[in-house]
Amino acid sequence: MIIVLKPDCTEDQLGHILEKIEEMGFRHEISKGVKRTLIGVLGEEDQLRNAPLAAIPGVEDVMSVLKPFKLASREFQEHDSVIELGHGIKIGGGALALIAGPCAIEGEDVLRAIAKEVKDAGANVLRGGAFKPRTSPYSFQGLGEEGLKILRAVGDEMKMPVVTEVMDPRQVPLIDKYTDMFQIGARNMQNFNLLTEVGQTNRPVLLKRGMSASIQDLLMSAEYILSNGNMKVILCERGIRSFDSSTRNLLDMAAVPNVKGLSHLPIIVDPSHATGRPDLIPSMALASVAAGADGVHIEVHNCPEKAMSDGPQALLPNQYADLVKQIRDLAAVVGKTIPATQSV
Amino acid sequence: MIIVLKPDCTEDQLGHILEKIEEMGFRHEISKGVKRTLIGVLGEEDQLRNAPLAAIPGVEDVMSVLKPFKLASREFQEHDSVIELGHGIKIGGGALALIAGPCAIEGEDVLRAIAKEVKDAGANVLRGGAFKPRTSPYSFQGLGEEGLKILRAVGDEMKMPVVTEVMDPRQVPLIDKYTDMFQIGARNMQNFNLLTEVGQTNRPVLLKRGMSASIQDLLMSAEYILSNGNMKVILCERGIRSFDSSTRNLLDMAAVPNVKGLSHLPIIVDPSHATGRPDLIPSMALASVAAGADGVHIEVHNCPEKAMSDGPQALLPNQYADLVKQIRDLAAVVGKTIPATQSV
Amino acid sequence: MIIVLKPDCTEDQLGHILEKIEEMGFRHEISKGVKRTLIGVLGEEDQLRNAPLAAIPGVEDVMSVLKPFKLASREFQEHDSVIELGHGIKIGGGALALIAGPCAIEGEDVLRAIAKEVKDAGANVLRGGAFKPRTSPYSFQGLGEEGLKILRAVGDEMKMPVVTEVMDPRQVPLIDKYTDMFQIGARNMQNFNLLTEVGQTNRPVLLKRGMSASIQDLLMSAEYILSNGNMKVILCERGIRSFDSSTRNLLDMAAVPNVKGLSHLPIIVDPSHATGRPDLIPSMALASVAAGADGVHIEVHNCPEKAMSDGPQALLPNQYADLVKQIRDLAAVVGKTIPATQSV
Amino acid sequence: MIIVLKPDCTEDQLGHILEKIEEMGFRHEISKGVKRTLIGVLGEEDQLRNAPLAAIPGVEDVMSVLKPFKLASREFQEHDSVIELGHGIKIGGGALALIAGPCAIEGEDVLRAIAKEVKDAGANVLRGGAFKPRTSPYSFQGLGEEGLKILRAVGDEMKMPVVTEVMDPRQVPLIDKYTDMFQIGARNMQNFNLLTEVGQTNRPVLLKRGMSASIQDLLMSAEYILSNGNMKVILCERGIRSFDSSTRNLLDMAAVPNVKGLSHLPIIVDPSHATGRPDLIPSMALASVAAGADGVHIEVHNCPEKAMSDGPQALLPNQYADLVKQIRDLAAVVGKTIPATQSV
């Protein structure tokens, strides 16, 4: 921590500041510049961060030197984390997760038909929502446990690991029985009690970036899960809120290499929610792989005009199949592999 | 709903679109313009909104005519809602809530000292956090139930209604025993299960705007509470995320009249979290009252340099007292009253 | 400047960094923390800022201690600047500028009628655009010099100083002949050649904040004008770009006290462009005055449905008159005065 | 245009609205829905757009159906524009422009050395700034005409077309003598007089997106150039302003397919300014090509720690050469070619 003193900081104030620093158990070094005096405060950064240094009279600014996340950082673990998802599929360390499926689980026949098509196309993880975080209380809220049962059954039938969203700490034990990976949605990225709860399980967590979360905020939310003992976190860039309404959100593609520099955790991209536009999804999926992402999460529906949630942003199965072919060619160039599911 | 057709929409596609509209039970009217054909889709807007019209081939755009909130709207209730908070204090309809207190409850003596000072200054609601949503898992997380007990005891002693944050649906029954008003924090504004849970109580809810929430998003979150039967919702503008790091968030002052035009619910402003800077809080509090807000929520601490959370953004008790004097003068000009607490 | 070294910075790299610092003529002080080594670089901050220290191998981060503006800063001039606008009207130091008029000058009769109404209401500066920065090349672009002549004539007739926009360095001499104050629009806030050109005149400049400009960016643009010798700069907050499309821009009300802390320059607010909505303009104008602004800039038209530019956001003359009455009451409470124009 | 009437719009107001519409020479169609009445206004959208319909009493909202740009649209020209840059290099229609060079021209020897390295690496356009738009008036502002001469000489020597920034309409004739392509920087994207001036030349224009410009704003600025007769416009995504300060700007990668759907104009990406971080530039350049961009614009310097502008964000020549190798492999997969310069 570096304390910048106000230009009119008095000797008494300086004395009080130094006293406070010592009281908190830290060391200090004073550096007098041309226009400002600085105090380097030396000690454990975690404790420094929690000390309200900026509230002491005479202090103009407090600047932090270290990042506040630890277990999520590259400094903590230099090599890429590789996470097993079940059914022999893994993510990270060069293995791409191709996660696909409908926004919401609507029924067994529909899900089976979509699952079969995305599996045939090359997808290796099946997604589907049973509990849906809808902006409106009047929209379809998901099938609940009935949906989870369908998802599990279809996943097993297709030999694909499955992922579904958890919205509430009370749902964790129930969903844990049915899923291979928890998804934490963007709106819950800072639902700290939910993060703590999934952090106490041993199941992989797909943590989506909040709409106004910085990269550091995202990694701090991952840190909640990691610090509770669950190291199986996969991050997901899904667009942040911006002023241009021509896309649903604004895909921050640079988040991929940015996270990879700071953290050992895998990061995938969800171009479906990031753009909300089927005409933009394929090129953004390709760009994600070129940027170094560990996978792409794409919504696919065999009849978008009947979908009960987010139909207008779904790819058709044949569009998805074409895209996976292109991803495959690209993966070869950038040195990534696509784990295949077992045949059924 | 208005459907805009693509310029190359075929007759077959048009036929399919009209068939779909009829199948969903809606009526349609076609309007051929110079460059685009439009279809007006007539029916209950709620049902229209949930129909995936944009996914039908040949559709370029779907435009919504009505706002998606109902119970929160001025059309539903023309007069301002007035909400009783306990100890004779109410908010809305010309009555200003002056909510003040420390960020976190740190202990009974500290809270009593601060409560006494803000009450003497003119505050009429006491705030204090027992469960704290901290960005870092390594920061102080609040005193929990112990904190709630302290808050209740000090509130009763000072004859002030109290407000405290609820972060988790599981905490609702516990916190309900101790508080006069639930606070839902910005990070939980779209924690829909939490909204549903407090919506099933009969206790006032202070709902803070999320950092990337539009005014419409805020009112939709209020709608979750209202549609569960609890009409006692107070909205709170507390700043949104922006690119200028010189303030903690960006206070959207126009949210006050904007909400008042759309909704009958009271709205207050929290300049403490919006700016994060004690030097900006007083002028923003005054501006809020001039803008028509129903109250201001301000963090006050008697020793910010020892505060366990957000010390650097707290006002000192004497600064708060000066501010309330100015608010009082201003309130007289803009026709607002400040309910007084009973003396102790 | 503070240089933060990478954790793996070698001794050779450190040696090279220190050598570079000395070569540039600066002094250095090393501070070894628990996890990072810092180098304080001491010297003239302006020169430090231009040195590409972050490009030297082994450097993780470079942190600036001082603000980059000088002439605009409170440190350079402690007391508020007061700027004479002509016809006895001044702004700053407690005097409020009430700037009003149509978006565009459309003709002499229309302007005279509007000018008379706003003057009667209490406005003390007349605005009107002759050169209009329109997003579309197909929109009305203004009357040009003909408009300037009309503005000058009507201003003199009404004994009101006038302000009009300059968009191009080539227009500066022409507009200088007709106006009492140049306006630089939001889109030209970083048109540095234009800033330089008006900086070489002796005429007041109303500098509007760009849509994505931080407070520091705004002050740096003011610095361009000041450093060319023209100290008569008035800043204007007019909203920044945000994700909520319910208002045209997002009014950053905290910019008012934020600027006042950093700079001696007056700052006014333009709620017309900030909100784009007549129903929000009056409350935002009042809030601006309560926040400490030195004036408000409001578009008024006597027949908005015939206006050639921005009609839908104009106040009607009687709405403006009502607002000025309220501003007057508020000004008395916050200790501001409203300079009156001479009668005609 | 669609007019949405207020729920309390009177018959008199409706009559006045219809009268106004007829007066402006448009036709109308009324559609009465369950809760709102709509009026379809039929006529030339351009004229409709300029009519202040929203200002007529009784109108709640006015919704636009068509995009406001014409010459820039895919509807105007279905096939991709291909633009010749000189020295046999073209951009668009499958040909990638690899634009590289230093931020600022610092001297002939430095530029020649850098130009040689980027040409050897495979770059086909040389960039360098002679007039620099610097945030601070105290920063290096460029060599001016001396820099232009150096750029021209080195470009000719290396048989590379050159591009340099124009900041002021007065500079257009001078820069036109030396450059093969004008660059309009992000800060001048809405400097409409500058756009008009370059629109009256016959020289290609590289138009960079403004920091708070929507895709539509960008295309409207292109429309200024096109409507003045110059159809040789190349767009450039270079990041928009966002809340995450870990990158200089936020690269909106989806802008590439978004623009390609709306317009026939080529679009390239500038990952140097978008991220400001050499560690992120290579992956973002690859992602741009995978996303369908027509080129990448990258700053390269052989000694970043001595660069007079933006040194910390420059790639080293060997980093650039490695990147071009990867781009070449990727271009083969996505069906793009890289025009080669003639050997010297």
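Order of writing sets the labels: A, B, C and D. Residues in every chain begin at 1.
FYI, a contact is a pair of C-beta atoms (placed from the backbone, for glycine too) under 8 Å apart; a residue touches a chain by one contact, two chains touch by 3 or more.
Quick caveat: nothing in here was measured; it's all calculated off a predicted structure.
At the far end from subunit A, in terms of centres built from Cα atoms, lies C.
Looking at A-C alongside A-D, one finds more C-beta pairs in contact between the chains of A-D. Separation between the centroids of subunit A and subunit D, computed from CA atoms only, is 31 Å. One finds 26 Å separating the Cα centroids of subunit A and subunit B. For the pair subunit A and subunit C, the distance between mean C-alpha positions equals 39 Å. For subunit C, the set of residues touching two or more other chains reads 212, 240-243, 245.
Taken together, the subunit A residues at the contact with subunit C in this complex read 2, 4, 7, 29, 31, 33-36, 38, 40, 42-45, 61, 63, 65-66, 75, 241-243, 245.
Across the complex, subunit C meets subunit B through its residues 212, 214-216, 240, 242-247, 250-254, 256-258, 261, 274-275, 279-280, 283-284, 286-292, 329-330, 333-334.
Residues 20, 46, 49-50, 52-56, 68, 133-140, 167-170, 187-188, 190-193, 196, 210-212, 217, 220, 223-224, 227-228, 240-241, 304-307, 310-312, 314 of subunit D touch subunit C in their complex.
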